[in-house]
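Provided herewith is a single structure, encoded as structure tokens, for subsequent inquiry.
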Amino acid sequence: MTVFVLLPLLSFVFFLLPKKFQSIYNVLLTVATAAISSYFAITVISSGSTLNEDLPLVFWGNQLNITIDLLSAFFILIVNFTVITGAVFAIEYMRMYNEKKRADLSLHFFSFFWLLFSMLMVCMFHNMIAFLVAWEIMSVASFVLVIFEYEKPEVIKAGINYLVQMHIGALLLIVACILVYNATGQYTWDALTAYFYDHKNIPLFLLFFIGFGIKAGFVPFHTWLPHAHPAAPTHISGIMSGVMIKMGIYGILRILLHVQSDLLAIGIIILVISAISGIAGVGNAIIQHDLKKLLAYHSIENIGIIGIGIGVGLIGVATNNDLIAILGFGGGILHVLNHSLFKSLLFYSTGSVYLNTHTREIDKLGGLIKKMPHTAILFLVASIAICGLPPFNGFVSEFIIYNGFAESMIASSIGIKILMMFAMLSLVVIGGLAIFCFTKAFGIVFLGTPRHIKIENVKEVKWFTLFPQYIILTVIVVIGIFPILISNLFFQLAGMFTHKTILIPEATMLNISSISRFALLFIGITIIIYFLKKYFIKNKIVERAPTWGCGYTGNADKMQYTASSYAENYSHDMDNLLNQKTHYKTIADEEIFPKERTYKTHSESLAEEKLFLRITEFLKKILNRLAFVQTGKTQHYIMYMFVLLIALILLTIFNVI
Amino acid sequence: MTNLLTIIFLISLFYIAVSGRLFVCINLLIVQGLMLFGIAFLSLREINIINLLVVLTETLLFKAIILPYYIKKMVIKNKIKRQVSPFISGFSSLLTVSILIILSFVLGIYLQNAQLKLIYITAAFSGIMTGLFLIVSRKEIIQHIIGYIILENGIVLLSFSLGNKTPMAVNAGILLDILISILLFGLFMNKIAKTYKDLDIDQLNKLSD
Amino acid sequence: MRATGIIMILIASLVFPGIITRVKSIASGRKGPGLFQPMLDILRLLKKGTIYSTTTSFIFKIAPVIYFSTILTAAFLLPFDNQPGLLSFKGDFIAFSYILALGKFFMIIAALDTGSAFEGMGASREALYSMLVEPAFLILMASFAMFTGHTSFYEIYSSIYFGSYIAVFVGVLAAYNLFQIIMVENSRVPYDDPKTHLELTMIHEVMVLDNSGFDLALINFASALKFVIFGTLISNFFFAPDTSIYLGILIFLAIQFVFAVIVGVAESFRARFKLRNNNKAIVLLAPISILIFLSLLMLLTNQN
Amino acid sequence: MGLLIYIIAVFGLATFVFFVRKQTAQYIAASVFCVVQLTFNYLLIVRKDLFNEIFFRVDALSIIFISVLSITSVTTIINSFVYFNHRRENYFRRGIYLASLFMLFACMCGAFLSDNINILWILAEATTLCISMLIYHERNEEALEATWKYFFVSTIGLSFSFIGILLLNAATNVSGFSSLTFSSLMSEKILITNQFLFQVSFLLIVIGFSVKMGVFPLHTVCIDAHSVAPGPVSAIISTSLMNVGFVSVFRFYQLFAHTSLSNWMSHVMLIIGVLSLLVATVYMLKVDNYKRLIAYSSIEHMGLITIGIAVGGIAYFAVILHLIIHSFTKAGLFYQTSQFVRIFKSKHIEDTGGYFKISPSGGILMLFLFLVIMGIPPSGLFFTKLMIFQSLINSGYLWLLIIMLVLLVFILWAFGKNIFHILFLKVPPAVQECKPKVSFWENIPQYFLLILGLFIGLNPPVFLVNIINEAVQYLIK
């Protein structure tokens, strides 16, 4: 423990190190931190008992102590894994910023460490105040990481947007914690049980839910994500999207552990919001031109899927049907892990692309698979996984959630049946849209021929950059094929929410194992047919010729489908929902010789434009109205005093105050 | 007798409020100083003689002689224009002052107790409020200073009503105030007069948001 | 014994496209090719070498293999008269539609791999349509699951029961919807015309413009297989709980035949939709499934 | 006795620097002053009895704020010399500056210590004198204007509080000059004979002192003073001087805390606090001058503190701690602004940018100062705000809390936007070509203050907690 507490001191070394050692040192520090914390987590998981330790730290005069239960342990593990991969990935990626000053890099890595540390602390602290501090530090550290390329105004804009929204979330959490404290007299999570026991559950829960939901990125609190992720360096986006937004999920789960009544209502609320988030996220993702923005919207979608799982689980708990509860929570929490894997992988491979091509514009790219095959494979697998297709891990979690739907369609009351049907519908739609989106992303970026930029001097990233990505890949595949290895842990986790230790139903286990049979069967058939093909075309002529272009083969790469045209027939129908803006000056009648024109589209987030901007603009207008005080005239200043004096005296005389 | 003096004090307030010429205001300050002197002489009976002398000389010297003289000198030195240009017309300012006097009378009714005579409070507060009113309603800095001095007179009047109890407090306060006012007002007046062409408050609004 | 299903599916797929073409040619007053002609074409293709576009990568080479194997894997999930498929588990209908989606995924990116405008067009359409049709299918299956209280193909089919006349109506509706879904999935008229000759209006065909030789053979055979698989989904409705295996085979073949004939007739007597309208037409299938779901729910509540 | 010696010493030093206009002499005088101040402070803590004079009394409150003052005074003097040397200030002005600075410190210490109400008032008036000289230091039109306004308005404000004191004098039937002391009034419980009289006097006093405390209504001139004064002076205005105002108001508040007025008083404070918060927010959204921006943030914090006093409970403790941390941090911020003025040759935010590139150490410092002042962990203000919110909810002002939170969010946005404009983005070309240099050592005092503030915030030492509790115990009990 002492070692763990001393680790932060090591983070100050960054300010002394020269540029080129910093990233290496960062990896070392990260690994050290991760190793220690994972040790605790693994002990907890293996022993199955909660770990309680006093830190050798005094905080406002009282001892700090950490509590690691199963939930915390799980989140600690995924945080560590993703952050380590990110740190290793950063080694090559940060070389892009050689012209930066030393202090910039030092600050970057310093806050990188603090992001990791604060996330661990968020998982470990059960004292609300300490938790809030860790929570805020997490936001601040990630903010500093986001504004790394601070010369660009849009980056700063995104950063401030992010910081302010995180602050709003934190304020809500603070209010919620104070409410708990005033009711129960203590600042711990366990106090929640007491609070929920004899107060109305929904208001406080909603307060917490919005507070955490802003971090997690539930619609309509998601507006920071699409701005922050493109602004941040890619490894940071990977970590933020992979694990940091999951801290919001952690918080929600933590609260749900204590919620006493109104479970059904809460479950339905979560389910509906999540379904909306999922569809809105992926629906907006399709029409993005910026690859990282696209991925950011997919984070919203996956948060939605996780939420759907949680909602189903809650409904299961509410109707005390353990099977549904386990399927829902298990699927949701498993998807937390899965998303952290494939989303970070997607971001890293995007980073590799950006490293070589210096653009994130999908429409400019193309044909990268020939230059960087490894990255292409990584991106492909990650895309298949995120679409929830077999035989990868995304399928497993979605499959479990689907089973949850099916079971509760069978078991529960008629209202729930219909609700479940719609939830299932939304999940299906999400899946379909995800496929649409990622065929586009992968196909346009990596396949075909380059559209705008030259890729002659593009080369594959270094092995030590690929290495962590391949690690993630293996984990994805292993989970996808042998979910049985970890499913136990998840059903245990899910069991926590039913407040009783229940043995996992045979049927579910059977399903889990049959998934792997299914996957293996598929792989087997594929291999057989592949060799069949090899055998067949062994002694046949295999020649290469240009693509069939209806007899016209010249300048084919300009004629290729682009991301926009690929999505056109979708966005054309969805126009009013997507709120897509077109920048094009139509040719007027008198304009006989039209000048050169450009056609550009981009999409604004509906919630942001129609909801938050309006509110804030309105408030700003009101506040601006009030700006009449500082006139610069002495008389006015004295008049204010006089007026206030008279007003207060009158109020006093008439006993208003 | 004191009541009579107080009444005269009040009347002088009216006069100042409507007077369009600077020197009239300054002369009225002298009048007020004399009134204060008389009031002090008549009302502060119970305090010992030295103290009384201090108070009397202080009132007479500063209120009635030094301040008005100083201001006059300043006006002449800096060639300040002699007529007053208020934001609001003489009639309405007259009205305002009378309203303020009524207001202070009402206030006095609420506030009076063993030491605080109603008439004193009324006069004092009307002095204070009129001073404020002058400051608020006039453009010229010189007028602001005059307004401030009237305010001070009001305070002095108020303090005389308590004078029997804690004279030193009163003196200390007043003395310090007067000193500061003379010192810095003069100083800054000259500075501002040097910097700007005429001493008009409208020029002093660079610092504003 | 459980392998009967997969074997029968393979056998049926040999003749299925032949029947359709034959029906179409008869309907248009021609004699038409033999039943096995499509299979013979496939054999011919198998003998040929292949040409790969210079822009393509290994994705293009691997895609047909995966496409075929996904469909074959899907076939393993299907029950046959009253025995489960070789691989049957709770919620396998979800796995069924997802594995098919995987195949589509690869076909789409393979089309994009060629870097041709036409194939990109086809890919985009294919992606959109399969995305739109997926809800319809899954909701349909889910409503059966809800109705029967089981979540695997085998249990659903073995315990499905249409008692009252309204139930029959629902069954008809379901059959119609399933038929439409099949039409979309296999990109046939009215959603797409496999025999069209203008790339701009193609959907499935345009995606495979650049495939040749073994790959093309795989793809063609795969589409035949896919047809039969969906046919199986229909035919499974007609197995009584106690049909013997031989009778089952007969019923199966008969149903497949009828199905093929219906498809052929439909194709020869119907015009295809305007492309823009396809979206609406396909989206319409999901509400129908929801309707089915609700009516089945109604039945369920009436029963108990 | 001790106080007398201290004051004589400071006066001596002031006259010395005023007349002997040599660089070395000023350095020596300054260092001697620091020594005197610190020793005075030390003795104040260890030997209270030395300082209990007739008009003065040493209590926890005064010890706390005099310690804050001493720490900031040292840093202020260091920064003043940095400021001089970069402006190549002539020694005449340096003399006046230092002299009035010393006098100011002396007056403020006196004000903190003074137990007699009149003396407190007189010293407050005296601080006005000294600070006016300091504000006027740069001798340009704006300086003149700001000084005039500050002086005039604060004189009027203070004369109002003098009226209040007179009324209080009349209301409480104690007699004699030395008898009107806080301790005596607190010791024998005030019997409210004529409640309205007390109320009016309290109103007059609070509104009069608002010019020193920097809350609505008279905060306006504070802002002007901040914006033209040299960086170190602004630091003093918004730390120690505001503390003087706070302490005076706090002492008067204490007087009636246990009378029938307490409820009414808290309402008055609440109104004033909320108005200040509102005004601060409004103008932080509007200003384009970073010194004014930071000044408005002081107004915001003072508003918070006033609200804290109003709601009471645990907030009393929080308020004192808040002031301490705020003083250190805000001083640091204002010291930095003199660097900005030097680098960017302008106080307008549009002309700034890329400070982080120009001086990384200063940039990191600014970043942390920003976090601390905004009450984002690891800032101590986070906890104090938490406590204030807590007692707000406790006393049933949830609706008010919501409004406050909205305002605070806007403040974060506005402040962040502007501060990041200064810190990040591109360096303006005009600035770029003259290659500004900032030595790392200039930031050392600010780092010291920052770390002090962080430490106090994260883990307040036991003696501090005790002394703060002692300072507020009269209100608590």
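Note that the chains take the letters A, B, C and D in the order they are written out, and that residue 1 is the start of every chain.
Basically, contacts are C-beta pairs under 8 Å (C-beta built on N, C-alpha and C of every residue); 3 or more make two chains touch, one makes a residue touch a chain.
The structure displayed is predicted, hence computed values, not measured ones.
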item: Steps in the shortest chain-to-chain touch route ending at chain D and beginning at chain C; value: 2
item: More contacts between chains, A-D or A-C; value: A-C
item: Chain nearest the overall Cα centroid; value: A
item: Distance from the mean Cα position of chain C to that of chain A, given in whole angstrom; value: 36
item: Distance between chain centroids, defined by C-alpha means - chain A, chain D (Å); value: 44
item: Centre-of-Cα separation between chain C and chain B, whole angstrom; value: 101
item: Rounded Å distance, chain A centre to chain B centre (Cα mean); value: 70
item: Multi-chain contact sites of chain B, meaning residues that touch two or more partners; value: 107, 110, 132, 135, 144, 204, 206-207, 209
item: Shared-contact residues (touching 2 or more other chains) in chain A; value: 627, 630, 634, 638, 649, 653
item: Pairs of chains in contact (touch as defined earlier), listed by label; value: A-B, A-C, A-D, B-D
item: Chain C partner contacts - residues on chain A that touch it in the complex; value: 366-367, 369-370, 373, 376, 380, 384, 387-390, 395, 399, 402-403, 405-407, 409-410, 414, 417-418, 421, 424-425, 428-429, 431-433, 435-436, 438-440, 442-444, 447-449, 507, 510-511, 514-515, 517-518, 521-522, 525-526, 528-530, 533, 536-537, 540-550, 556-557, 559-561, 565-570, 573
item: Chain A-touching residues of chain C, taken from the complex the two chains share; value: 46, 48-59, 62, 65-66, 68-70, 72-73, 76-77, 87, 89-92, 94-95, 98-99, 101-102, 104-105, 108-109, 112-121, 123-125, 127-128, 130-132, 134-135, 138-139, 142-143, 145-146, 149-151, 199, 209-210, 213-215, 218, 279, 286, 290, 293-294, 297, 301
item: Residues on chain D engaged by chain A in the complex (per definition of touch); value: 148-149, 152-153, 156-157, 160, 196, 199-200, 203-204, 207, 210, 216-218, 220-221, 223, 264, 267-268, 271, 275, 278-279, 281-283, 285-286, 354, 356-357, 360-361, 363-364, 367, 371, 376-378, 382-383, 386, 389-390, 393-394, 401, 405-406, 408-410, 412-413, 416-417, 420-421, 423-426, 458-460, 462, 465
item: Chain D-touching residues of chain B, taken from the complex the two chains share; value: 107, 110-111, 113-116, 128, 132, 135, 141, 144, 148, 151-152, 155, 158-159, 161-162, 165-170, 172-173, 176-177, 180-181, 184, 188, 191-192, 195, 204, 206-207, 209
item: Sites on chain B touched by chain A in the complex; value: 107, 110, 132, 135-137, 144, 201-202, 204-209
